[in-house]
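There are structures below to look over.
Look at the two complexes coming up: chain A is in both, with chain B in one and chain C in the other.
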Partner chain A sequence: MDLLNRHFRHWSLIPAVALFVLLTLYPVANLFRMSVSTIAFSEGREVWTFTPLANLALLRADEVIAPAVLNTVIFVVVAVALEILLGLALAILVAGVARGKGLVRTVMILPILVPPVAIGSMWKLLYNYDFGIFNQALTALGLPPVNWLGSTSLALWSVIAVDVWHWVPFVFLILFAAVEALPVEVLEAARVDGATRWQLVRRVMLPLLKPAIVVALVFRTILAFKVFDEVYLLTSGGPGTSTELVTLHLYKVFFEQNQLGYGALLSLALIAAIVAFLLVGARAMCAARA
Partner chain B sequence: MATLATVLRKPAAETARPLPGIGSGWIGTAVLVVAVAAVLGPFAWILTASFKYQIAIYSGEWPFAPTLSNYAEVLFGRRSDFSGNVVNSLIVASVSTALVLIVGSLAAYSLQRFRWPAWVSATFLGWTLIFHMIPVMTLIGPWYVAFRELGLYDTRFALILTHVTINLPMTVWLMRAFFREVPREIEEAAVVDGCRPFQAFYKVTLPLVVPGLIAAGILAFIFSWNEFPVALSLTSRELATVPVAIARFAQQYEIQHSQMAAASIIATVPALILMALGQRFIVRGLTLGAVK
Partner chain C sequence: MIKHLRTVSALLLAAALSFAASALAQKPFADVGKQPPITVLISSSPWYPAFEKVVGTYEQQTGNKIKLDVVPFGGLLEKARNSVRSGQSPYDLMMLDTQWTIEFYEGGFVSPLNEIDTSFELPKEVLRYGDSGYWNAQKRWRTADGGKLMAYTVLGNVQLLYYRGDLLKQAGIAPPKTWDDVAAACTKLTDPPKAYGFVVRGERGNSIRYDWMSVMAAEGATVVKDPANGDYTVTINSPAAKSALDRFIDVLKRCGPPNYGSLGQGDVNQLLATGKAAMGQLVTAAWASFEDPNKSAVVGKMETAPLPSARSGNGAIIGNWNAVVPKNASDAQKKAALAFARWFVTYDAQRAFAEAGGIPNRSDVYSSDLAKQPRFRWMPAYLESMKFARQELGYAEGAQVEQILGLRLNQALIGEMSSGKALNTAAREIEELFRKNGRKTGALPPLPE
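Then we have the complex of A and B:
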């Protein structure tokens, strides 16, 4: 107990630092070593061979990576844009309501806390060709059923729709908190001065909400890049490569093709891209604050 | 998750006054009702599906004869490992939550109270932020390699370590915010009264941030319970967690749709319970934090 007390200042930070060094810094450093190696398993032991060019050759021969990057960009841009627009509209419209705000908050927290895998399996059932709710509705209206997840032209959009359903509530909660914190006097003053409803939203609220919107945008973009669980459940990247995303492809390279070295190369590229985005995003946030 | 934390810390029911000038009553109310229905609708549909026989799902008949057979089959069926998966998930989530609370609150307290050189806290907090934003998939490869080397592949220990690491940034940031609200004078008084540094932390400060510990603990538990890619990659059939088991349902050649629905509903139960208990604590966390 005396030892605990004497060096408390130092040891209090040590477990967290040790964990970070061993489980994040060391693995990132290891990624560099892995990315120039070929790793094979023989008789349960790892055999590393130094093959600096082999993984680059694999990258050049990889026909999936280009569609995966393209799909990821489409996914992130479209999903995040829709989420911000819908979340913002919802936050502004609901702010005028006097009752039921507590209920709406509780309900909106739900999709954020439910396992993403469960959301994936839920929507797999909802999208089912034979008995899913959408095709039931179409059939009831006398229309032909649609192959939501099985058609190459539609699958990515179906997956994006699930992400929008999943994350509009999150954007809504951030922006709703910001709308609630708006200065009432300013809004009143604008209204007394004869601003129409649209002018009030466009000229007064949006500028005041800009910092919150940027925060929601940056957070959602980063989380959208990380998406894996739902898409793995819904389509696993198919049909063909039509919903292949970078994270899914990375998983397959690591654990289905067992290309640990090449996977490390892809990981490093992905981390570099994220850090670059963070720097740009941080600058945008600062600009929005100023 | 820092943003999520701030969202959750907002009191649930506050001003009843509507903002002036936007969305006259009924439009807003209509939008609100539609939004709530859009969020709850899919859950309701899956909930009903989980009480249907497979054949009733296929035929889409309504009304249907409800049955508990899907839940019975998923939890107690001879061919189902699901109850084992639930046990695995509970163990991993509880142990990793306990560990992350200890490690995270010590680190948060240390950074908040002791005069570390600026670069130490800046590096630590900056790295937690960056790590939190990198897709975890990029680190699973090296984790897999390291754990195989150490003979820790396919152990609960390895999975718990990774979950602690994943939840550490959120815990540190949240607990730092709670420690900041505890006035320094309280501890200084304790030290004057003869408390040693660790005692002051353990006996004086920690009890004041219990609401923060509960809030962080609930979030850490839910994230660990929900976590999928690491559990998928670092465990085999025996130690699979609930999300991995659900994914296996979805990938069977002949999907048992009604059982998949039941398993998905079971998987959401802990989050619902914790949230129902937690919202109160998270709200109280705000008011209790204001010790004057």
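Then we have the complex of A and C:
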């Protein structure tokens, strides 16, 4: 009985551990098993064949994966950087406003509430070459219409712009809360010492906001790696491979081509990339705290 | 007195005729007996409203219930896969796009219709659609020759040439019969950005693959040499295929909107319906939207013709929807699903389907009085197209071949690759795919890049 009591805190963890194993470890283990297998269907049943090198060979021969990785990196770096910069700028600006902060916060939250599917459809209409509002505005100003989604050099940037529109409010909300929580006496002291507005932001606010910025950065980067709906609806990866992202390629391999083993391998690679980023992010967070 | 008698007789005759007509209109199209309710998986495609209407008629006439699970095109395949891979299928009937059927036939996921009822057969008037409903497991090919009946066509889409009769007449241009005619006519009619001479889907993926293949067929090119007999030598990089691709690119660049590389079905439909495009290549199912005043600015102005010809005659690719019965549905449900099939393929049901805006699958509907009505003026072009239209990608690797072609053709269209390089690259990738799967394959010498 004594033993049971002494170790109760360990036993009490069993349900949680069981749930974790069931919901997280088992699917990942199964994904790993799939990634070293070829899965076919016959007589209405799955037929698994252990082919550890076959999917790696597919990866090596896959000519779409390289542009997909490059586009994903560009997408993540540019979109997240812009979102952090704009979100931060907005947070500092709105925090300096004397009245109406609540209203701004409410309005800003709207894009986050819109489902990505609706965002994709809405922006596809806005970007439409012949009937979209952007080109109608340009034409009204006497400017030529722009091929927003059909040009290989512009399509990825058009997609990034949609993502920025969607997620800046999220960054804004995190950083706005952090700016509001900054110690007033420190800011006042800097002002008394004659710091300009820019110096106040650069030398005082930014160092104090570092932990919140890192949190926003980590969250946004993870979500940016996983972006799918908007790109799928806007361009489906085209024209050519100009907006092909890893998630989109993964979807096509898994669901359109029905290559389950290779799709599992790509999924694991994506998970590994996100975990690697998380580790780097965690280290950055520790450094920021220090 | 005689005058009164005549009047009374005429009235009685009129009443009798009217009663007979009403009785005729209300008679059940086919007696399929009392059946348990079934659930049908279907895509929210342009033809769905017509199908829904016909299902309503079936329910009204038979008292049998049908629940329709309507999902977007993009999500349907996944739902169908999950359904057949589970213990018991939540669906009793599933509508599958022709290119998906192989996976279900070959994987053993659907019940051959004669295994549900040995006496079931399709009436001879039902069009064959390249035997897409049959599967010969030994040959691994869709053919009635030694194959089992696995599905029937619910909607037999094929692309037509849509053109504005009024605009062509005004410009003194005859409806194009060849691709050269299309190029010449569209050059005259195009005036961007106000008007485009010709629109067709150039978007990466299924869009460009499917639309380009009509030109490919007209030029006499093929993807694979003789898949029906097991020869999977890749022939997509033939000079005829290159000529087809160059022609497709030329017409789109010359007469299409500047965003030709990302034009999807919605865009092509919109450009034609708003009157911005004079001609276009689109599926038959889109017809109904051009005749609907709520959706179209060109009601009564649109005409259709079979897709034009090139060196090898006319070419069109069938894109039909097939109704299949999942193997893991219960026996009673399978029988109920087949009962609906019996009803649906009758002349009356197909006529009602056409009147609701659908594309009937029976030849006798196309030769009926219906085809003479202005509303159905697309019917002669459709029937003509069915003489030369063919199925493509009818093998297990079809989905992957489509991905390869969908990308490489689009890259050629937007100028990322020359047409020769795009076809050589596609040929190499397709050959590798067949080789990996143990097919007898090979390749043509590469085209100049």
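Here is the rule we use: the second predicted complex is superposed on the first by the 266 of 290 C-alpha atoms of A that agree within 3 Å, B and C clash if a C-alpha of one lies under 4 Å from a C-alpha of the other, contacts with A are read in each partner's own complex, and residues count from 1 in each chain.
One rule holds for everything that comes next: contacts are C-beta pairs under 8 Å (C-beta built on N, C-alpha and C of every residue); 3 or more make two chains touch, one makes a residue touch a chain.
Predicted model only: the values in this text are computed from it and were never measured.
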Combined model on chain A where chain B meets chain C, clash or fit: clash
Partner chain(s) touched by A:255 [first = chain B, second = chain C, both, neither]: both
First (chain B), second (chain C), both or neither touched by A:87: neither
Contacts of A:106 with chain B and chain C, given as first, second, both or neither: first
Which of chain B and chain C A:131 touches, first, second, both or neither: both
Which partner reaches more residues of chain A (counting touched residues only), chain B or chain C: B
Which of chain B and chain C A:46 touches, first, second, both or neither: both
Which superposed partner A:239 touches (first chain B, second chain C, both, neither): second
First, second, both or neither for A:188, with chain B first and chain C second: first
Listed stretches 8-16, 26-34 or 80-88 of chain C, narrowed to the one that overlaps chain B: 80-88
Residues of chain A that lie at the interface with chain B and also at the interface with chain C: 41, 46, 128, 130-131, 232, 236, 255
Chain C to chain A touching residues, read off their complex: 74, 77-78, 81, 84-85, 103, 106-109, 193, 203-205, 257-263, 267, 270-271, 274, 276, 327-328, 399-400, 403, 407, 410-411, 413-414, 416, 425, 429, 432
Residue ranges of chain A touching chain B (in the complex, touch as defined): 1-2, 4-5, 8-9, 12-13, 15-17, 19-20, 23-28, 30-31, 34, 39, 41, 46, 90, 92-118, 120-126, 128, 130-131, 133, 136, 165, 169-170, 172-174, 177, 179-180, 182, 184, 187-188, 190-191, 195, 197, 200-201, 205, 215-216, 219, 222, 225-226, 228-229, 232-233, 236, 246-247, 250-251, 254-255, 260, 263-264, 267-268, 270-271, 274-275, 278
Chain C contact footprint on chain A (complex, rising order): 41-46, 61, 63-64, 128-131, 139, 145, 147, 149-152, 155, 232, 235-241, 252, 255-259
Interfacial residue positions of chain B with respect to chain A in the complex: 3-4, 6-8, 10, 12-25, 27-29, 31-32, 35-36, 38-40, 42-43, 45-46, 49, 57-60, 102-104, 106-107, 109-111, 114, 116, 120, 124, 127-128, 130-131, 133-146, 148-149, 161-162, 164-165, 168, 172, 196-199, 201, 222, 225-226, 228-229, 232-233, 242-243, 246-247, 249-251, 257, 260-261, 263-265, 267-268, 271-272, 275, 279
